[in-house]
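One chain, chain A, links the two complexes that follow: it is found with chain B in the first and with chain C in the second.
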Partner chain A sequence: MSKNDSTQSGFKETISGFLKNRLSKINFTANLIIGVVLLLGFVFIGIFAPYITPHDSEEMYYEHLKEMPSAEFLLGTDRYGRDILSRVMMGTRTTLLIASTSTLIALFLGIIFGATSAYFGGRTDNIMMRINDIFMSFPTLIFAMLVIGVLGPSMVNGIIAIGIIYAPRVTRVVRSQALNIVHMEYIDAAKVGGESSFYIIFREMLPNLWPTIIVEGSIRLGYAILLTAGLGYIGLGPPPPTPDWGLMAYSERTYMFETPWPVFAPCLAIVIAVIGVNLFGEGLKDILLAKGSRKKEAKV
Partner chain B sequence: MKNENSTSPEDTARNASTKTPVLSVSGVDITYYSGAVKFPAIRDISFEIGAGEAFGLVGESGSGKSTVAYAVMQYLASNGEIDSGDIAFSGANLMKMSRKELLGLRGLKISMVPQDPLTSLNPSHRVGDQVAEILKIHYKLNRDEAHKRAVAMLGQVHLPAPELTALKYPHQISGGQQQRVLIAMAFCTNPELLIMDEPTTGLDVTTQARILDLIREMKLKHKTAILYITHDLGVVKNLCDRVAIIYAGEIVEEGDVASLFKSPAHPYTQGLLKCIPKTYTHKTQKKLDAIEGFLPNLADLKPACIFAPRCTFAQEQCHQQAPSFIACGENRRTKCYFTEFDAPDDAEEYENLRASSPSKRVLVKADRLKKVYPTKRGDLRAVDDTSFECKRGEILGIVGESGCGKTTMARCIVGLEDVSDGEISYDGNKIGMVRKRSKEMRRKIQMVFQNPEATLNPQKTIEEIITRPLALYKIVPKAKRHQKAVELLETVNLTERYLSRYPHEISGGEKQRVGIARAFATEPELIILDEPISSLDVSVQAGILNLLIDLQRKHHIAYIFIGHNLSVIRHLCNRVMVVYVGRICEVGTPDDLFEPPYHPYTEALLSAIPVVEPNIEQKEIRLQGIMPNAIDPIPGCAFHTRCPRKIGDVCEKNAPAEVEVKPGHHIACHIPLEELAAVNPVFKYGRRYVF
Partner chain C sequence: MKDFIPFIIKRLGATAITLIAISMIIFGVCQLMPGDAVDMMLGGIALQSLGETTIDELRKELGLHLPVYQQYFNWAVGLLHGDLGTSYIMKAPIAPLVIDRLKTSLLLAFPASLMMIVFGLSLGILSAVKEKTWIDQGISFVSLSMLSVPAFLTGSLFIYIFSVKLNWIPAAFNALDMDGMGMFKILASYFGILLFPSLTLAFESIAYVNRQTRASMIEELKTNYVRTAVLKGVPPRDVVLHHALRNGLLPAITVIAFNIGQIIAGTVIIEVVFSYPGIGNLMIMALKFRDVPLIMATMIVISSAYVFANIAADILYTQLNPRIKYA
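So, the complex of A and B:
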């Protein structure tokens, strides 16, 4: 592999160098392929939802209340006569936006706290981790209710709440990997070389943490989707009429035995999205973090 | 001990000719597959091992020596395949056996001692049970009998208090003891063939010497055939009867140990022997001859002598056609067209390679340095009240077994560890942790690390790594950084091409060279070298040692060189400090250290060196027991628990004072100086050595 033009460092080059190094050798597992296809599908729907929905998601068709799936309404209609497929598609947008943004926030905070805590070690590490433990000891949903209760329900507050909830978990994972790196001799070499702590954490350690962070992010995204739906279900998600999977399942549940599809459709979407994200995460893990293959194989 | 060795080859040769050999490998080819690429890792390897014979297979990393071991065990990696040839065990073809038949053989008739004792023992079972398990499987013994036999076996490998040791878990015993347990496991079924894959590589020389004694003893007792795989020619010379040198998957030379070491025939063997710093040379030294070049790419083999590209004697013929084996002497063969060389008699070309005239000015001074690490059981005193100094332009060596505190001393000096007590001064000014030092101070002290695999950040190119200190300390203006980086690479004998590479694209030796270039980039005055060559192949080691010497002479900077190999230390250093459990035993020039008077510990270290030179007699001193842990306070001399020359209570009660033998040579021992001086030297050599 030739790398002639890598004169400057930086996140972009690191990632591209990383991909260039390994992309040709990647073992594309079924997990990864299914995960990527599902995830890309959801992202596509999320982005283009307003243009591709068969109906307007908020239009009420009064002559089509609580209808079974049909050619016109592929997943049927709800009690107000709204097209469920269109609403699920629009809901994809909300859910993905909340879940992915909050995951990014969690990763951002987690990287900073995790890497710093591991780098300084000793008492600093102890104090930071105990605080971390306190945050982690709250059940996620209750903690989310607490945050939203203080801030008031809105999409932005939902994002902040989920971000804060998952940050300590990301911190743990990043820290554990950073602990392996912080004892490497190249970190000692940087210290002897007189580098600042900031430089060592973000320019020497961080590039080696990306594989862990990417995998952790993709797994965390699955949890974030679940939590987003959960918050929507208990009414702490984005307020109606914004289409939201959790809220849809909640508001239609009274009629579940009569017309199950308005509840099942968003639930099915949640299941598929989470499975897709998890398969993607597992696939990435095999590529990025696998320590040697599962079979005993000689390196040549 | 050495005398036994000299008689055994004849005996075994006689045995081998009359009986079927225990192991016979003939014409074996092994290929590894990686995707669509084929790597013929082993090509046409043949050898035989008779009963009671120790056969050494020597090669550098990547030569395929471990592949041979796994092939014999029929336990190759899943992407490896034996293409042709036969492997026969006592006449039975191992390759045709079923899985079940093999299971019956492995562990019973064929045993293996692996390289890393810590990962080879199960950490959650007691060591006695692990030995007993083998007996239960193969002899169907019941629990008590198996345990009894296991304990007896642990006693046979000289583990202290076998009944108690059997109840311990692997982490509770030392590395040397773990290796003994593995040897006990290997011998407990009285196997006919024992395969040892670098069993002493991770151990200290003193421990290694004792393990080798044990293997030799067990071999004689059980009449076992041993296939001993190693990269260390010294170990082979001390242990084996016959030896084969393997290079890039081919055996290039085979013969009995005594004659092969005396007159190596193949240029590769000669090269390997020249790479090793001599244990015993008089006063002056010769530059080491490194083998230039790299292992060939096995995916792209040409019909030529495999060693030709690196061979200094290579002729046209060598590049045209691969040579086949030629007999050279009794029971010896080599794969070379030219077995008779006019080897230049380079004994006359000695030159003094040690640091040119170190100045009298003290550069670094450690004054009553103490470093303790708090642990749950108490304070671990890694460095215990030691004072030393290093002068400008001097190469100071620090030797000792692992865990003796030598690395901690180095880390205190560079400022990676805070000192607990005492102080370190640089040029008369006190210095602390690296974070608290001035920028100028940080520039002046650099470090080269031990593990080439961890010394460079895997996500950075060589250019980023080398230009970073240039930018940080503004050594050269921005426009000239690239140019300077190229110059630095050239000083460590690498080319501009390396700049754009990532660490995983270069070899271990090259990584270490980049590490040295990085240290030199800041134009320092002192470089700490923490065992920079110990994890490299011998041929690569020689190149790095030469480079370090050249650079030192050019820039007149000071080195503090940490090592455990006294031959290397002797080759390089102006002054040496011998350290034991955080205390200094002896300080002096290397020549002082190699001649009496010795500190008993120095004497033991010297006698544990596996020497490669023929015609050298080495005194045999074996340290018993293990290094005391540095947590419980040791009254008196730190070495008294293992000292073979302990004189009495005074050793246990009072710490010895340093006695000056002559200016610059100090020994801390209670034994009167006259008595220390009266011992025989560890090394005696008959005639002038040959190569």
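So, the complex of A and C:
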């Protein structure tokens, strides 16, 4: 527990340090502001969805099947007469839960493996990176399909699958940043001072890795939302009746000839969420990482 | 060039190890599936009425009585011989089926790759040349939004606009009726059918290639040799296409080769959107019916294609860039 606390306080110190040093210099770009607003909006809807939806998301209004948007049903109704706006709002909860938890798992595993690998270096690093490469040579979607398909589609299995498949990608980023730190004098000083490896990795190295990790986390979150939606679309998301954006778009697509609303409403929510996360990430990148050290554009 | 052969051998060796590891992971994860093949083939009721001896015989016939490593070994040796096993649900050998579906999927992936190369490069060069004008900003905005949109939205939009509203193309691949149509018409409808799925498939990759090309071309256009060429009086078009592009293409080519792998893996969702009978839909069907041999076969085929595309990216890059040392 104390170890955990100390990591926490290390994190807080970094953050407050940043605020003190850079708050005056932060240019609150449009990117960052729009990103934060969108993200906070989604988090708010995700948390309070059951209390603020205009209708019950499961309630079927049989007199209002496949209706166009109206004052009563702001985004229309689906083929069972369910209110689409309410379902999209409830779907926010599902998506945010899966995407954010799996991103946290990926970050957790990535920090441990990446920092450890960079710290020990040499043969340990080599072996760990080869194993990492093997997991990275799996296409993300295919690996997620394999895990979820075998374990059965559910929210927990989705979180596990996405968390595992993104962990090696985080590992690589954390390791490359940690390699810049590991030869610094204060690490040598800690070694000479007889500190344990565990202490050096998590108390000495980690605080300087946080900016990279936070930016990487925001990038991952965007990908995770898209992957969650994609998995839902091919029927490997949480099973119905859980409202899931991808599944909603899939199951209503045959009725697109009559009513396109049920397909495009959840899609629109996905796009807004991803744009929000990406803008937020871009904004964070400008603040946390110096301009010169921007990472190269790399795909998943 | 002298170092090239050992480099290739080393790379292919690493690929072989990667493929073995991937096949182990796929096999291992499939072992976690609850119940075994016999349960799945027969279902609960038949299982009770058949009696233990028959079931044991069936298990033996399928090789399920062997220890796991033995089963893996048999499966892997079969793979090397081109034998992908027998599907439980279709009661037929998998190899011909998978090859057939793979061809259908490649029919989608090939035009998609072409589109990625053509649109990605030309848009990237255009925005680099017109840097910081409204053309550049427009292209950047479009490619950024291409990256924020799930593939099934793009696909659904295409279907909605061109199939529901304009009625140009059939909404689903199997809705096409080819009887009594001339050769030209068949070709035209094939083009119409393949155009939108492959464009959807290429969308994300176009954005990545475009962004990479733009970045490296902007860098190249600022170099001294480009300035010399301009001052020498070389026409601007030749400066861009002959001088700058030659170096600016390098990073883009790696991105292109890597994205070919992404395109192959990406067909899964596109095939669902357009009801296209490719290997992705076969994989989803296999997962739905829990047909383990079919799951393993489709997974290993797609993953291998992806791995080979990435290796090609690696080799191409070292080949084209003389500054890179073989590692």
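Definition applied: the second predicted complex is superposed on the first by the 267 of 300 C-alpha atoms of A that agree within 3 Å, B and C clash if a C-alpha of one lies under 4 Å from a C-alpha of the other, contacts with A are read in each partner's own complex, and residues count from 1 in each chain.
Just so we're on the same page, a residue touches a chain if its C-beta (ideal position, glycine included) is under 8 Å from a C-beta of that chain, and two chains touch if they have at least 3 such contacts.
Note that this is a predicted model, so its numbers are computed, not measured.
Using the contact criterion defined above for the overlaid structures, shared-chain residue A:108 touches neither chain B nor chain C, since it reaches no partner.
In the superposition on chain A, contact of A:207 is made with chain B only, not with chain C.
Contacts of A:44 after superposition on the shared chain: neither chain B nor chain C is touched.
After overlaying the two complexes on the shared chain, residue contacts for A:250 are found with chain C alone; chain B is out of touch. Contact with chain C, but none with chain B, is seen for A:274 once the two complexes are overlaid on the shared chain. Ranking chain B and chain C by residues of chain A touched puts C first.
When the two complexes are overlaid on their common chain A, residue A:184 makes contact with chain B while staying clear of chain C. Of the two partner chains placed by superposition, A:198 touches none, neither chain B nor chain C. With the contact threshold set out at the top, residues 297, 300 of chain A are in contact with chain B in one structure and with chain C in the other. Residues 18, 21-22, 25-26, 29-30, 32-33, 144-145, 147-153, 156-157, 159-160, 164, 171, 208, 211-212, 215, 255, 258-259, 261-262, 264-266, 268-269, 272-273, 283-284, 287-288, 295, 299, 302-303, 306-307, 310 of chain C are the ones that touch chain A when the two sit in their complex.
Those residues of chain B that touch chain A in the shared complex are 32, 34, 37, 39, 41, 67, 76-80, 298, 414-416, 434-435, 437, 439, 442-443, 445-447, 449-451, 454-461, 463-464, 468-469, 472-473, 500-502, 504-505, 515, 518, 522.
Of all residues in chain A, those touching chain C in their complex are 133-134, 137-142, 145-147, 149-151, 222, 226, 229-230, 233-236, 246, 249-250, 253, 256-257, 260, 263-264, 267, 270-271, 274-275, 278, 297, 299-300. Taken in their complex, chain A has these residues touching chain B: 1-4, 6-7, 9, 14, 17-18, 21, 184-186, 188-195, 197, 204, 207-208, 295-298, 300.
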